[in-house]
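Should a chain be cited, it is by its letter among A, B, C, D and E, assigned in written order, with residues numbered from 1 in that chain.
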Amino acid sequence: MSISKELFKGFYKENPVFRLALGLCPTLAVSNSVQNAVGMGAAVTFVLICSNVIVSMIRHGVPKKIRIPIYIVVIATFVTIVDLVMAGFAPALHKSLGIFVPLIVVNCIILGRAEAFAGKNNVGRSFIDGLGMGIGFTLALMALAIVRELLGDGKLWGIPVLSSGYEPVLIFILPPGAFLTLGLFLGFFNWLDIKMQK
Amino acid sequence: MWFKSKSFKGGVHPPENKAFSDNKVIEKLPLPERVVIPLAQHIGAPAEPIVSVGDEVKTGQKIGQSKGFVSVPCHASISGIVKKIEPRPHPVGGDVLAIEIEGDGNDIMSQDFDFNPDYMVQSVDEMKENILEAGIAGMGGATFPTHVKLSPPPDKTIDTLILNGAECEPFLTSDARLMIEFPKEIIEGLRILMKILNCKRGYIAIEKNKPNAISLFHKLINDSKQSDINVVGLKVKYPQGAEKQLIKAIVNRNVPAGGLPMDVGCLVQNVGTAKAVYDAISKKLPLIERVVTVTGKGIKEPKNVLARIGTPFQQVIDFCGGLTDDAAKIINGGPMMGIAQFDLEVPVIKGTSGIVILNTKQAILPQPQPCISCARCVDSCPMGLMPNYLATLVENQKFEQAKEFNIKDCIECGSCSYVCPSKIRHVHLFKFGKMHVAKMMKPAA
Amino acid sequence: MEIKALLIIAVNAIFIYNFVLSRFLGICPYIGVSKNIDSAIGMGFAVVFVMTLASMATWLIDFYLLRPTESNIFYILFNFKEPPDLMYLKTIAFILVIASLVQFVEMVIQKMSPGLYKSLGIYLPLITTNCAILGVTLINLDANYSFIASIVHGFTAGLGFTLALVLMAGIRENLDMAPVPKPLKGAPIAFIMASLMSIAFLGFSGLKIG
Amino acid sequence: MEPKFYVSSSPHITDNESIPKIMYGVMLSLIPATAGAIYFFGIRAGWIILLSIVSAMATEGILQKLMKKSVTIKDGSAMVTGILLAFNLPAEVPWWIPVIGSVFAIGIGKIPFGGLGYNPMNPALLGRAFLLASWPTHLTIFKTIPRGGTISGIDVITNATPLNVFKIAKASILAEQVQDYDVAIRQLYDSYSNLFVGRVGGCLGETSALLLLIGALYLIYKRYISLKVPVSYILTVALLSWIFGGTEGFFSGDPLFHVLAGGLILGAFFMATDMVTSPVTAKGRIIFGIGCGVITVIIRLVGGYPEGVSYSILLMNLTVPLINRYTRPKVFGEVKRS
Amino acid sequence: MNDIVKLGGILLLFSAIAGGALSVVNAITKPRIELQKKLVLERALTTALPMANKDAIVPVEQDNMLYYKGYKTPDKQDLVGYAFVASGKGYSSTIETMVGVDTTFTITGLSILQQVETPGLGTKIEEVRYGESTPWFQDQFVDKTWNGLAVDKDGGNITSITGATISSRAVTKSIHDGLKQLEATVRQHHSDM
């Protein structure tokens, strides 16, 4: 597979959220504003890239039996680094993402990529894979967040964009709105699929 | 509770529509020119032909021999010549091996069939043999061989015999007429059955919409002081005549799911069967004719007729003035459980209690809609099933779950489909579902 | 009053801040294991069990190993000048504890009760990387719950998860047989259903006991 | 062989109920309450109801057209959803509220699940809950004074509905407006006739117990609703509000007030009884009714809202598959399985 | 057995490396995180007491009440006001507000420290309208005293947020009660002196 294909597959064809249905909890939780979505996306992308690279580097030295615990240790390390750095340099974002920052550890996208890709490929490819998947995740989060923030708050990136007469549909930034938006997005992509196959 | 008519849980109240024919005295149908006698008019193994094409046969002559225990013989119902032995359309469906007899118009009896006043002194075994030889299969619709029902395994004792005169199907009046015109024969038939089973208690169960029959039996029984026989008036509700519901209503016993009446010491026989038993024991007369109600909006002159077994529907209908112009559906049996016929070639058989003819307006059933969970079917199912859920399961081919939800206990009474506002064809689905469930069970057994 | 505080924790965890419907934790099993009631119940109990144990274990780790207090074991053992602050290791420590706990529980159940293992066993491995488990321990930490409160919270959060899961499973068994438009079949309609379910659970918001 | 006659599986007759007949029957039963809404709240109430019906039907029709399915708007079910949604809205909501509510009720609550008969939750109530969460201010402010009465049904308080007065008084914040809220509560309890006739503020269709009961009687007579749900529901609310609803300890609450105030009568007879979303078994219906009652009282007494009827029904809708499953009727002659 | 030891060893090794790496990162970020925490408090205090010198605000504990005294100059001679944290139960959380008053107990500034209200409703207590730079809801409090401080629905002088009366009331009432208590405490203290 060419490098660009490797990179772009995560955007749509193998989009972790919309196509593989991975990492759904944080997707639902932090897509209530675009700022949160981008912050979370960046954090996950960073961890994905680093853990992919490290896992790929050590893949020959790790005994099969304990590879999962070791991957988890690697991932947890980078997650903690993100957590600490974010607390120090972007405290507002850190606060609004809450426990979903440490929860990146159990985000199945990351362990999934380590297991399915980085454990079997060289460092370069693993880096590209992590980057592509991370961007794909970020794009999905942003797509949801744009809809939710716009409808639910009348804003984008915290800036009011709809006229002041607009009465926001509050439910979109509440939990039901998260489920609904994701459900409709998934349905939309299925519909696209069915259309394209014809 | 005294203020409650005897009944069961569930059930429905379709319009009775019995006025078409309930006052019509049973008329003898003219001798048919031709009869078609299917070799399987009963549940169990079909009879084997013992005549060949070209043979001459007399009325009452055995032409089909029973094969195995659960099987009954069949007899020529007219005298004449055997024309054909080949599969023919059968009112219960499909083509079934049948013997066609072309009549000679003389109705020559194969023997005398004289009345024997001492018929009660026969031994029980003799009686059973005579019932078998007379070819009697239950006339209440299920056509189960009667001699089999009369031979319970030794570990079961039967203490209660119930004659089923409920006739809960709308339109039908054949049992009602039979009870009014032949009450003594029916009571005697009951006595014979009680003797065979050595059973202490007999009931004649009649829905309260037949007050004449009820009072007639009351009078006869009181006059002759037969205290071991009771006449019971039942609440008018479909399917009051189904045997488990009947037993529940009369002696308040619950036949276990998957079990038989004899498991609770009961036996149920149709009143027509009792009459046939009486004829078989007292005159050695085989079952060659029966009462058939011909009724509905699609027939010009509704009647109750006494028809020879094997008479084609066409001839019965012609006798009743023919079909009206808008006749559209011909049913062998009543409208709740009967079977719709493709044409009028099919013959009257031992289980043909009626021929109901519906007009176009009645015949076209509305398209099924999605179930709206109104629960009417659940409330009406006499077997305590959840027809709505079962139907969904069968539609989705979930036979395993359908089995778990007791599809096998469905008696196909049709109450659920009748009340369903969405017009779902439950019974159709259940017949299909049961087939699959039976297939599923086979390898395990 | 202690009992009342615990009751509030329980009601919050089950109804108001339901793990699935309000906190978005444990979504994967909620969507993945809710196609049939029996496996939903199995999964539910497995989660209740592991959440309770994990709450217990991580509280002890937090209190005796990570927190810079007088009861820190390193402080007691090694005579540090002041209690060491190891809170930054919480993520790594908790996830390892949970992973080993699940392994351990699996082994114990397998030995002690093969019947239970048969019904719960298949769900246990799925649980290790389930964010609801790590989530409950992190929430315990954030909320500064006492040992007892942590256990109650872990247990009731698991019950809340089970409630949502089993309700969903009941509905999806029927949905499976409904003419759902093709693009919505499967996950999409499950999420729409989750949305409606969480709308209904809004009814509990603002509930105040006492 | 070409059949000369119609053939089909038995039974060959059916009774003459049908989905449209039932739905139009429900509409008929809602006419008194609709007339009452227009009488008490003015002609605007009629517009809101009409708008809601039209948008519910349009949503159903358009979506079915788009999906190339047969259009079923004539069966009346969308109309019933529309009316009942409007009945759950205050009279002064802006015009787009009933429209969006209906679109959500049908477009999200019903059609995606397969349409009539497959929706797991009551669409009209989903519409209301969606609106309540999205624009709480529009749904919780009652300004239209009912003809011949006051919003609260009593004279000392003029700007809050009965349940709101009850709730706020309990939280003791109205103190600055009313000298003695014990007096207010007592007056509230004595305002039965206003509550019964409907001379109080509230949502369009909920205020008049009398007119609703007339309609309910018709539904009961036609056997379109089973009494098990409303009776167990209302009795549970009465019992629990009597035990826990008072200010002077247990058994000091006023059950009749709680039965007549708010949307209980409407909810119990017309919405909890929606066949699609309530249990099919006899035992199940009673459990369902009791469940609704318990949740309603919990929300009214300690919840975040003055009224809990719609949420309680929605929450119990979720349990229906489980209730049906665990309350299967006893099969005739069923022997205990070992 | 040997295998287990070996595997355990490898795992331990990895954990040790991870722990080591993290302690380095921790050491680097720790001061920064603590600084952030301090900054948050500092910012709240300067918003509450705009006239005080930011290095001259000191915590005081008296009669179980924690409050701050603010001075105009770093030498802490000229007292200009007090600050305290008011906390009240809102719709879905406890709302904490840092409130500053001058020596006549008239509010000089405030900021919300902590709240988890419903986004779009209760969170409007922090809303900054487009084109403005300060939260309008909080601005209403400036120059008011506890006397008559209540939301409009309760007959007071604070316009509540539509649809979020509960949150508005929580903020208002907690400030009202806190202020009253502060005044009492401070006056008591003064008379003691």
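Throughout what follows, a residue touches a chain if its C-beta (ideal position, glycine included) is under 8 Å from a C-beta of that chain, and two chains touch if they have at least 3 such contacts.
Values in this document were obtained by computation on a predicted structure and should not be read as measured data.
**Q** Which contact partners do chain B and chain E have in common?
**A** Output, common partners of chain B and chain E: C, D.
**Q** Measuring centre to centre, with centres taken as mean CA positions, what chain is farthest from chain E?
**A** Greatest centre separation from chain E goes to chain B.
**Q** Taking all protein C-alpha atoms shown, work out their mean, then name the chain whose own C-alpha mean is nearest to it.
**A** D
**Q** Based on CA centres, what chain would you say lies at the far end from chain A?
**A** That would be chain B.
**Q** For chain C and chain D, let me know how many angstrom lie between their CA-based centres, rounded off.
**A** Distance between chain centres, rounded to whole Å: 35 Å.
**Q** How many angstrom lie between the centres of chain A and chain E, each centre taken as the mean Cα position?
**A** Chain centres of chain A and chain E, defined by C-alpha means, are spaced 33 Å apart.
**Q** Distance between chain A and chain C based on Cα centroids, please, to the nearest Å.
**A** Inter-chain centre distance comes to 22 Å.
**Q** Please report how many Å separate the Cα centroid of chain A from that of chain B, as a whole number.
**A** That gives a centre separation of 70 Å.
**Q** For chain A, which residues are shared contacts with two or more other chains?
**A** 69, 73, 76-77, 80, 84, 168, 170-171, 174, 176, 180, 187
**Q** Which positions in chain B touch two or more other chains at once?
**A** 370 - these are the residues of chain B that touch more than one other chain.
**Q** Which residues of chain D are in contact with two or more other chains?
**A** 108, 112, 114-115, 118, 130, 133, 136, 304
**Q** Touching pairs of chains, which are they?
**A** A-C, A-D, A-E, B-C, B-D, C-D, C-E, D-E
**Q** Tell me, which parts of chain E touch chain C in their complex?
**A** So the residues of chain E touching chain C come out as 15, 18-19, 22-23, 25-26, 91-92, 118, 166.
**Q** Can you check the complex and tell me which residues of chain E touch chain A?
**A** Per the touch definition, chain E meets chain A at residues 6-7, 10-11, 14-15, 18, 21-22, 25-26, 29, 32-33, 35-36, 40, 118-121, 130.
**Q** Can you list the residues on chain A that touch chain C in the complex?
**A** 21, 24-26, 28-29, 69, 72-73, 76-77, 79-80, 83-84, 98-99, 102-103, 105-108, 111, 171, 174-180, 182-184, 186-188, 190-191, 193-194
**Q** Sort out for me which residues of chain D touch chain B in the complex.
**A** Going through chain D, the ones touching chain B are 1, 3-15, 17-19, 21-22, 75, 114-118, 226, 275-282, 324, 328-335.
**Q** In the complex of these two chains, what residues of chain D are touching chain C?
**A** 67, 108-109, 111-115, 118, 120-121, 126, 129-130, 132-133, 295, 298-299, 302-305, 308, 310-312, 314-315, 317-322, 325
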